[in-house]
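Order of writing sets the labels: A, B and C. Residues in every chain begin at 1.
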Amino acid sequence: MVSSLYGIDQERKSIWVYLEVEADGLAGVSLELIAKGRQICNQLGWQLAGLLLGHKLGELAAEGFAYGLDEVWLGDDPLLEYFTIEAYSKAAFEALMAAKPSVFLLGATPNGRDLAGRLAVRLRTGLNADCTDLYMNPRDERLVCEVSGFGGGVLALIEMAQHRPQMATVRPGVFSPGELDRKNVGKIIPISLDLTEDVIKTRTVERSIGEGVDLTRVPVLVAGGRGVDGDFNMLGQLAQLLGGEIGATRPPVDEGHIERERQIGQTGVVSSPKVAICCGISGAFHFVVGIEKADIVIAINSDPEAPIFDYADYCIVGDVHQIVPALIEALSAEREVSIG
Amino acid sequence: MAELQIVVCVKVVPKPEEIRVDPETHLLERTNARSEINPPDMNAMEMALSMKDRYGGRISLLSMGPPFFEPNLRVALAMGADHIYLLSDPAFAGADTLATTYTLVQGIRKIGDVDVILCGEESSDGATGQVPPGLAEWLNIPQLTLLTDVSIDQTLRTARGRREIKGGYEILEVPLPCVISVKTACNEPRFMDYRLRSWALEKDRLTVWDAGDLDAEPGHIGLTGSPTIVTGLAEAPYRERRREFLQGSPGEVVQELAGILRKEVEV
Amino acid sequence: MADFEQATDEEVLLIDDELWEQLIELTDGAAALCFQCGVCTAICPWGLVRQKPLSVRTLMRQAQLGLQEKNGSLWLCTTCAQCEAYCPRGVNIVDVFRSLRTVAWENRNPEKGLPSLMWSIFWNDNPWSQPPTQRALWANNLDIPIFNPQEHEVMLYIGCTSSYDQRAQKIASALVHILRGAGVEFGFLGEEEPCCGEAVLSVGHKHYFEEVAAKTAQVFQERGVTQMVTISPHCYDVFRNHYPPFSNGFQPLHYTQYLFNLISEGRLQFMKPLDLQVTFQDPCYLGRINQEYQAPREILKSIPGVELVEMENSAEDALCCGGGGGRMWLETPIGERFSDLRVEQAVQTGADILAAACPFCVACLEDSLKVRKTENFEVRDIAEIAARAL
C-alpha cells in the first residue's frame, strides 16, 4: 500500500477550505464550505482555515473571517494573479505540507476540480469528488463523504483510513452559506512562495467573459412555450433573479420571439439544470426530452390536463401572465429583506 | 515531423438506469445491466478523430477494465481509431482515482512517445472528473480541461484550446505532450465507419496488458493502491417526478413556489 | 464573361467512376431509367413551401453520372414517394435517394444530428434516446401478456415512438382496447421489443440497417412471430419490404388492415354512434408506398355516425406530413412545414376531426394545429376514434 506524504499520525486537527476567488469576492461554494467546515469544527473543537491564493487579496481574507474562518493561509504573488494549474498547485502543495491539515475541501468548480485532481496525486492521497454531503464520524474523527454515481442512481459513502489530507470536492449549492459577522477576526498566515515564471506552462492567450450561453449546464432554466405569448422579458427577469437562463419550445422560436440557440428539446439543447421552470408549455415529447435530466421540474400551465404535468415535480395550474410576475415580486421582496 | 500520437482514455460503463444495489449485500449489481461507452468519452473520441482528420496521426484507445469491455472498445475503434490497449488484470479491480490514474499512466508510458492524451470530462458511473488532472500529475505534464475545441501546432509543439469558464471562455496554450479533457456534449460523435466494422473485430486490433506487462507496483494498483474505502452503498430513491399540484389561492401558490425556489436555488 | 461567372456560382461537381458503379449497384441501376423530364421536381411537396424547390431531377442526374452531391438538399427528402407516383418511367426514386444518402454516410458527410440518431438506436434500441428498460412502462396498467405463439393469434408490435412518446402511447392504448373488444388473443414483446430500424434505413445507413434488421429478425424468429400487427406504417413497411426473409409464414400487417379484416369477419363491430365528420390523412408509408388506401377508410365508414370527407389532395396525391425520411429528427424551419398546409386543407373540408394512422403524422399535424390555434378541430389517430365507438 502506498502511503500519503503525511499520514494520520502527523495530521493537525484542522479543516482547510480552498477559497475560490471570483470577480466580486469569494465564490458561493467557498462560503458554503466554510459554513459546513465551521459546523464540524465546532463539534470537534478543531481549527478552520482557508487557503487563499492570488494577488492583492487582503480584503478577501477579512471576508473569510467574517464567514467563520479561524485562519487564512495567504499566498500573494503576481504569478498567482490568474489561475494556472502549475502555480496554484505548487503554492497549495507547499502550504498543505507546512500545515498538514486533516481535511481539505474544495468546490467542485472547473478550477477546483483541476487543482484537487493534481494535488491528490502529488500528495498520494484519496479524493472524493463531487460530494453531495459530508459529515464527520465522531467515533474515529474520519470524514464521511457521500457521493452519487450512475446518474444519481447510486449513493456511496466513502472514507479514508490512513491517508491525509482527506480531500473532497463538493458541488455548489449542496450546503448553505453561513451568516456574515464582521466582528469575527482571524489570523493571516503568509505562505512562503518560491514561484518563478518558468513554473507556469499554461499560457492564457485570450479570456472573454460575458458572451455566449451554454444552456446544457445552467443552474436554472426558465423555459417558455406558446402559452407565454412571446413575453420572454418576463421570463428573463425571473431567470435573472434565480441566476439562470431562458429557453423555449419550438413555437416561440419559430415566431421569432427568441433565438434558435435557446430552443430546448430533441432538435435543440438537452439541458440538465438543477431547476427547470416550464411556463406555458404543453409538454410535447420532443420538448420534454430536453428537460428530462433536470433535478427538479416546475410546470406552470392553465390547462390542468397538459402533459407537461406528468413530467413535473411541482405543478401549478394557472395563467403564466399572473403567476410569473407574482413570483418575481415574491422573490425580489424576499431579497430586499435579506439585503436590508 | 513525427506523426501525432494520440491516446484516448475510454471507459465502458453500465447504463445508469440499469444499475441496482443489492439490498442485502449492499454491493453493486451490474451483471444484468447493458453496457455502453461512457458518453463523455465519445466526445473525447470525436475530438481525437477530428484531430486525426486535420493533422494525421495515430489514435490509441486506452482502457482499464475487465475483458467484457472488449466488444464496446471495438465499437469505438470502428469510429476510426487505430488500436486498443486494454489494461486488464484482476489485481486492478477496486481502484479509486489514485490507483486508476497510476495504472493508466503505466499504460501510457508503455505505449510510449504520446503527444496528446484525451479524456472525457468525467465518467457517468463515478462522475469524479479527476482522472485527467491525475494523469497529468503522474506524468508531470500540462493539462487543459473542459475544452470545447483544440488545435495543435506541430512545429512549435503546442496545443491551444478553448475552455468554457463561468460567464465566458478562455483560450489557453500549453506545450506538448499534454492531457486534455473534453467538455461533454461539445461535439457530435460520428457514427461507426462501417468499412472498418469487421476490421475492428480482428484479433490483432487489441492488446491486453496485465499488471506484469505494465511493471506496475503491487502497492499502487487496485484496491491496495486506493486510499479511499467505500463504507456504504445505497440505491438513491427512484427519481420519478413528484407530480405534486400546489393547492390554494393564487397568492398561496406563488408563496409556496417562491419557498421551493428559495430552498433549491440560492436567490 | 457573365455566363462564366454564373457558372462558377454553381457547385463544381466531379465525376467519380467508382461512385457511379457503387450507385448502380446500390440501386440496381434504378436511376438509369430516368430521362430527366423533371416531373419529380414539379410534384415534390417542397415546391409548395420553398422558393427554391428540392430539385429531385438534379439529384437523379447526379446519381446517373456518379457526381458527388455537395449541398444538404439530399436530406430534405421525406421519402414520401409523391414523385414516384407521377414518374413516367417508374423510377424507384426513393431508393435512389436512400442510396445517395448511403454514399454520403460513407463520405462522412451526414446531416448534423443524424449520427446521434444512429448512436441512440445503437445504445438504446430506440431513436428517442430513451432508456431501453422503460420501453414497456406505458403498458403498466394494461396487463398485456408477453407474446406466446401457442396462445396468441397475433403479436402486436408497438414501435419506439408509441412506446415512449406520451401522445403516441394513447394510440397504442386505444388499439389495445379495440383488440380486446374484438376478442383478439394477442401479446407483445414488452421491454424486449427491438427497434425495427426504419429510421436507419430512411436516412440511408444501409449497412447499419442490415445489422439492425438481422438482429431484430432473429428476435422475431426466436419468439415464433408470424402474424404481426404494427401501429406505425413505417415499421410495417420495413418489415414487409426491407427485412430479410426469416420465417415462412411471417405476415406483417398495419393495424388498419388488421382491423378491417376483423370487421369483414364480423369480429369487430362499432356500436356507439359518434356523429362526426372526419377527413383522413393517408400516411405515405401506408398509401403510396404500400398501396393501402381502402382499409383505413373502411374502418371509418363502419363507425355509425361517421361521415368521411376527403381533402383536396388525398389517396395517391396525399400531402406528406413532413415526418418521414428521418425528418422527425431534423428541424424544419417555420413556413416550410408540409403539415401546416395539410392542416389548412383539413380545416377547409369542414370536418371535425383530422384522422391519421401513423404516430409521425399525428405528431406533425398536431404541432401545426397548435400553431394555427383552431378551435373545435382535432387530430386523432383512427385507433383513437374507433376506440370511442366501441
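We take it that contacts are C-beta pairs under 8 Å (C-beta built on N, C-alpha and C of every residue); 3 or more make two chains touch, one makes a residue touch a chain.
The structure presented is a predicted model; accordingly, all values stated were derived computationally and were not measured.
Two chains share more touching C-beta pairs than any other pair, namely A-B.
The chain with its Cα centroid farthest from the Cα centroid of chain C is A.
Legend note: the chain whose CA centroid lies nearest the centroid of all displayed protein CA atoms is B. Inter-chain centre distance (chain A to chain B, centres taken as mean C-alpha positions): 21 Å. Rounded to whole angstrom units, the spacing between the C-alpha centres of chain B and chain C is 37. Chain C has its Cα centroid 46 Å from the Cα centroid of chain A.
Residue positions 17 of chain B are each in touch with at least two other chains.
Among all residues of chain C, those that touch two or more other chains are 113. Shared interface positions of chain A, defined as residues touching 2 or more other chains, are 310. Remark: chain A residues 226, 250-251, 254-255, 266-268, 282-286, 288-289, 307, 310 touch chain C in the complex. By the touch criterion given at the top, residues 113, 128-129, 164-168, 329-331, 333-334, 363, 367, 370-371 of chain C touch chain A in their complex. Chain B makes touch with chain A in their complex at residues 14, 16-17, 19, 21, 28, 96-98, 101, 124-134, 136-138, 142-146, 160, 163-175, 184-185, 217, 219-220, 224-236, 239, 241-246, 250-251, 253-255, 257-258, 260-262, 264-267. Residues of chain C that touch chain B in their complex: 105-106, 108, 110, 112-116, 118-119, 122-123, 131-134, 205, 207-208. Touching chain B in their complex are the following residues of chain A: 1-2, 4, 22, 28, 85-86, 89, 108-110, 113-118, 120-122, 124-130, 144, 147-163, 173, 176-177, 201-212, 214, 216, 219-220, 241-244, 270, 274-275, 295-298, 304, 309-318, 322-323, 326-327, 330-331, 334-335.
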